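Some structures are shown below for you to check.
In the two complexes that follow, chain A is the common piece, with chain B as its partner first and chain C second.
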Partner chain A sequence: MSSSVISVISRFLEEYNSSTSTKLKVVDAYLLYILLTGALQFLYCLLVGTFPFNSFLSGFISCVGSFILAVCLRIQINPQNKAEFLSTSPERAFADFLFAHTVLHLVAINFVG
Partner chain B sequence: MEASGSFLHAILNLSLLVFVLALEAQALTPSHYLVASDVDRLQAVLSQPFTDLKSAYFSVVGLSKLGVSVADSNDACSFIKANVDSSSIEALFYAAEASQAISSCEIHVSNETRDSLHAAVSEDSTVSQIHQAVSALSSLGLPLASQEVVSALKARISKEDNVVAITLALQTASRLSQQAELGEILEEIEDLAARLDDLGGVYLQFEEGLEATALFVSAAYALSDHVDMEPPLKEDQVIQLVNSIFSKKSWDSLSEAFSVASAAAALSNNRFHKPVVVSAVGPATVSHSHPLLQLHVTDVLCQPLSSANVLVESATSVASKAAILSQTPFTLRDGIFELNFMASKPASGYYQFSVAVTGDSRLVANHVELKVKVSTKVAINNMDLSVVDKDQSIGTKTTRVEYPNKGKASFIADSHQNFAMTFQLVDETTGVELTPHQTFVRLHNQKTGQEVVFVAEPDSKNLYKFELDTAERKTEFDSISGTYALYLMVGDATLENPVLWNVADVVLKFPDEEAPSTVQSKNLYVPKPEIQHLFREPEKRPPTVLSNTFTALVLSPFLLLLILWFKLGANISNFSFSPSSVLFHVGHAAMLGLMYVYWTHLNMFQTLKYLAIIGSLTFLAGNRMLAQKAVKRTHEH
Partner chain C sequence: EPISNNPQQKHSVSAQEKGLGAGGSVSGNGRPNTAAGCGGGGGGLSGGLTQPAGWQSLLSFTILFLAWLAGFSSRLFAVIRFESIIHEFDPWFNYRSTHHLSTNGFYEFLNWFDERAWYPLGRIVGGTVYPGLMVTAGLIHYLLNLLNVTVHIRDVCVFLAPIFSGLTAISTFLLTRELWNQGAGLLAACFIAIVPGYISRSVAGSFDNEGIAIFALQFTYYLWVKSVKTGSVFWTIGCCLSYFYMVSAWGGYVFIINLIPLHVFVLLLMQRYSRRLYIAYSTFYIVGLVLSMQIPFVGFQPIRTSEHMAAAGVFALLQAYAFLQYLKDRLTKQEFQTLFFLGVSLAAGVVFLTVIYLTYTGETAATMATQHHSLAQHMPSLYFSPLPLINPIKPVILNLDTERLFDPVLSAFAVYFAGVMVRLMLTLTPVVCMLSAIAFSSVFEHYLGDDMKRENPPAEDSSDEDDKRNSGNLYDKAGKVRKHVSEQDRPEEGLGPNIKSIVTMLMLMLLMMFAVHCTWVTSNAYSSPSVVLASYNHDGSRNILDDFREAYYWLRQNTDEHARVMSWWDYGYQIAGMANRTTLVDNNTWNNSHIALVGKAMSSNESAAYEIMKSLDVDYVLIIFGGVIGYSGDDINKFLWMVRIAEGEHPKDIRESDYFTPQGEFRVDKAGSPTLLNCLMYKMSYYRFGEMQLDFRTPPGFDRTRNAEIGNKDIRLKHLEEAFTSEHWLVRIYRVKKQENRQALDHKLRNVAAKQKYTSKKTAKRKRGYVKNKLVLKKGKKLNKKSV
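Moving on, here comes the complex of A and B:
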């Protein structure tokens, strides 16, 4: 049973390494970073408690928001999805990504206290 | 057949009468009215020496409305003649009206003046000017064209649609000939009455104030009397107007006092409505020493209605609902209506009187409800004091004490004995038993100043009993033995002679006497212990080591990211040093720096301001840069 899981995972990783372009891998690395940061913040909150709650929320929501925006960017710049995003060029996607991040960070900094 | 018809008719009449009586019972009576001192004050205000022609007008005409003539009429007349300015319609109005109020004072006017007065009656003058001109002409005895006045007034009313103007129009119309068509102007009374504000069902007044309301009342009745048509005011409305106009007992200005005098005169002497004011002389209390119930029955100017018949329709006891009187008349003596109520031998207490004033069809609010108190003197009979043994083995010794003497010997009661007191409270004159509201027994320790009060209760035969069980009650006394002075306190609203009687001295011996603690007088006014303010404790924080560890931990994925990117071969070799890309990166870095500064120093508004500036620069640069990149990309493919 466990061997099949391991074989599935290794197969998946192989496919991933071969079929994804470098640009997408860069974005994926960024996604992993954001994920880890958010998870560690959540772990701290579980261990120590929610004081100060607004700071925790601000940091965590910032991570979540960044993750979502990065996922959106990845979807939009993936050449395999080009058919669905005819009007959106990768540059446009990146510009949207930056703008949304500006708003997100503004709100997060406001809330962190 | 006829008999049954007439029977039905009788039943209908009776039910209608009952219905009408029931309605009348709910009618409003004046709650605010002028008493004699108020009328005198009004007269005093109006009798002030004149400062100018206008104040002379208010004083002279105001006093004449109160039925009083001005102090020195010759003086007044010469003052008026000296101050009249023939070129001013207003001055002529004041002079003419004032001179007419003074007997044998006549003002002569030239033909020119008369013509100028006639000229003032036109659609181009204000209602006030028309009123003054018409009143002056009328008071001077000069002829005027009533129909012209009516048409001028009608035209002006439609232009000046305010309360004061229409009131003046009504007043003007009352000076015109009865043959003129005053119908439309008469309808204005009803329209104006609709504009009155009803305040709580008690007051009815214009929002323009007391003066406007009072002038409206006098104008409405003047015009109604003139055309002999009842004004469209309901009885309750008349009483509400009375309440509004006479609620103010001191007046700010001469014109206000004049308007009140004018309204009072109108309400006390017109053909249709005459409000009646019924009030008791002093408190409405009768007793054996004062057996007469006296009432003032007056009009609004505090003049007694000598020709009226005042009748008690019914007088019922509030407690027992028994009717004592029915249809009993009052007798008039020296302007006061009297009734000897004690002659009906009422028991002490409160009685509800329903009084009716008849004799004039114009009377308004002539059914009044009055609460009358019958008071009496109380006598204490059969005051018996005794000390009873608890096991009743030894016979009781009863001592009788007569009011107001004090019992000679002290009574001694210890824990095996009870001290008992019985007495009766009766009406001094009739001997009827009474149960006053307050019957207290007070024991006062002379030495310690302590006092304990008990209530004496009557039994079913109205015999009052008080028993003191020494053992049971020792907590009230703090177990302090000693001599206590015994007082009986009797009081009630209907008693003329409340009683505080030191009946006897009682020596109480308590078991288990503790060390006599001084009685702590409850002093409420000493400083209380100080309360220390507890500031809000700061929240508990985790240890710094833990926080620092996690800070490092949270920042560590960034390192991982850099490593991963390095491994993937991400690089910045394609970086073109075009001005737009440089500017873009600088701007972007500035925005991130701004976020940090926002966190530490700024507020939202300042941040938004800076963000707008930096953001727009970055946007333009970025747009350019990305466009260039896009062009490069499409060229490559």
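Moving on, here comes the complex of A and C:
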């Protein structure tokens, strides 16, 4: 069972390396970075405690939000999904991404206290 | 105007020509030119070539403008009949806060600690209020004054709700247009402009959260439907910002944050997952979450309370689902299954742990039943008369699109909530408007559209406009095809035109009756300011009872600025707003023990009440008494609630059964219970009432509200003195006397036995007086100095 899981994962990674374009790989690397940052924040919260709670929430939600927005960007610029997003060019997707990030970080700055 | 013969140039032919053509053919049928008919007719013709885009948008604009005007005007009854005044109770607090905001600035308002409410506790206004309403009114006032249009803040507050009703109509139009079509949208806008369920909470003068919240609700729903349709992050962020406005405006935002996840969940169940849905909901949840926590009143509730957990659950589910979809696309079925088993077991473990954690730190929903149900608006609804007289037909939609599924989900929940609490009838109203608009639109489309299709070719043949007939091959071809089809159809629909015209007439009559009904209900039921009472004499002339304002202004002008007024909590906001005095308890009802103290003071006898009033530093007591005019909302009628609430906190001192007769009746006449006849509320209400004879048929001291002659006619007050009674004895204010310097003894004076008169035993010889035990000076002997 475990060997098959490992083999599945390794095959998946191989296929991923070959089939995804560089642009998407860059976005995926950014996603991984955000994930690690979020995990670190959560770990810190577990170790040190939740005071002040609003600051922790602000940072954590900012991480999760950036992750989600990057995933949305990835979905929208992926050429395989073009059929679903006819009216959204990659430039428009990126502009939306920037706009959403502006709103998210303005709110996060207000919330961090 | 030159008509291009080029069939490819679709937009070259002037819209006016086409408009005239289609308009001409519509009126040629003799059908009334309703918006739905025009929209439906335009949609019925194939290709949309004859669709008069210019006329259509002009018509839409006009209809929406008229809907706004209708909504605005139909809410003005109270202002025309009385004056521009804030109504009822809650709006007075909102007005006072907005006034504070406009005079002191935004940060002062956000951090305001009100020490003139809930004396001696005070109230943290900034953290216990939804600031959206105040900020909206304050912003409009600020902008207008910036443009040198000097409007008083009170007028902005009074007219805010009618203005926002127009915006609600427009956002309902947008939402219904997304869900169905333009015709249904226009109908929905017209419905919601005049429907009584919404008017009841948004008349001019009712400066309350619902006035702007329904607009925010509809607009948020419109942006949500739009973002699910397009899958664009831009629309989703717009939806989040609108959601933020909704959170700042009303506690009913919980409705949105549960309905949208439910919509997503139903879509997942129906196998309609799409990437656009993922983008829309994930972005909405996260950005909406952090935005909603910016309101101090909401705080950390979105991640703590159970009402928000559905949204979080659906978010997690959606992430898992999306990730699994991604893997599924890339792996073979076998590999996918292996990973799937692993994933499911992990997820099950996480869920199990979370459930255990939540049970330990779980929330118990503790509602105070007494206080909750004492609010009449919290009772389950008993009747549905404000609902529009519609919905004989609800279209059964078998193939629901993603966004059309939104409607049934919304309506199911709205009906449930409206059944539970009368006040939430308000959330049902927009839904009903939209559904009925859709129903009417489909009916009109069906019954008018066929007529249009059939009648059009003959009308075109008989038209004198030759150039129209020659304009482009497509036009002719379409006409030819249609004639062919209609000839085939004609024998089948022999009775068609009669039935269709009857149905159309019926529908139109229904709509007109609806408009009349709405206006009548608004005028009679929902247009009373309730601060000013009006009664009508036999000859129709009006008698205004302005007792409340009379009393509050007396308080304002004749008492010390820091005087404290005790009254029942209903009047707290009005006293704070109009009289500008410190109150003990008000409509916020956040502290039940404090209210129970006041209730205990009102229900105890005068001396016990005086102790409580001394401890609370009360200077004045205000009560409402309706016995002279027969006003049934006075404090004696509310008295049992006071007793019940007091009994909840002080069961040893107050017992409800003491206030009833041995037979279990609540009577204020001679047969009433002695506890009731000696309690402070009774005494204050009926002080000097026994001397008053209202008319020659009834004895003096006849209470018109209870229809009884009062029991105790010679009431004497020891610690209070009457300060003010309004013209019709509606409001009575008493001043609490300070303690006297010398306290009266509480026991009887000691009986001292009279001393017996001393008769001298001196004889005539020794009449000279002598002092008993006087030191006798013996002559010749010098007193020893040392012994002195």
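Criterion: the second predicted complex is superposed on the first by the 113 of 113 C-alpha atoms of A that agree within 3 Å, B and C clash if a C-alpha of one lies under 4 Å from a C-alpha of the other, contacts with A are read in each partner's own complex, and residues count from 1 in each chain.
Heads up, the rule we're going with is that a residue touches a chain if its C-beta (ideal position, glycine included) is under 8 Å from a C-beta of that chain, and two chains touch if they have at least 3 such contacts.
Because the structure is a prediction, the values reported are computed rather than measured.
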Touching partner for A:5 - first (chain B), second (chain C), both, neither: second
First (chain B), second (chain C), both or neither touched by A:111: second
Partner chain in contact with A:91 - chain B first, chain C second, else both or neither: first
Chain B versus chain C as contact partner of A:30, first or second or both or neither: first
If touched residues of chain A are counted for chain B and for chain C, the larger one: C
Chain B versus chain C as contact partner of A:48, first or second or both or neither: first
Residues of chain A contacting chain B in one complex and chain C in the other: 92, 95, 99, 110
Chain C partner contacts - residues on chain A that touch it in the complex: 1, 4-5, 8-9, 11-12, 15-16, 19, 53-54, 57-58, 61-62, 64-65, 68-69, 71-73, 75-76, 81, 84-85, 87-88, 92-93, 95-97, 99-100, 103-104, 107-108, 110-111
Residues on chain A engaged by chain B in the complex (per definition of touch): 22, 25-26, 29-30, 32-34, 36-37, 40-41, 44, 48-49, 51-52, 89-92, 94-95, 98-99, 102, 105-106, 109-110, 112
Contact footprint of chain A on chain C as seen in their complex: 230-234, 236-237, 240-241, 274-276, 278-279, 282-283, 286-287, 289-291, 293-294, 300, 303, 327, 330-331, 335, 338-339, 342
Residues of chain B defined as touching chain A within the complex: 539-542, 546, 550, 553-554, 556-558, 560-561, 564-565, 568-570, 588, 591-592, 595, 598-599, 604, 607, 611, 615, 619, 622-623, 626-627, 629-630, 633
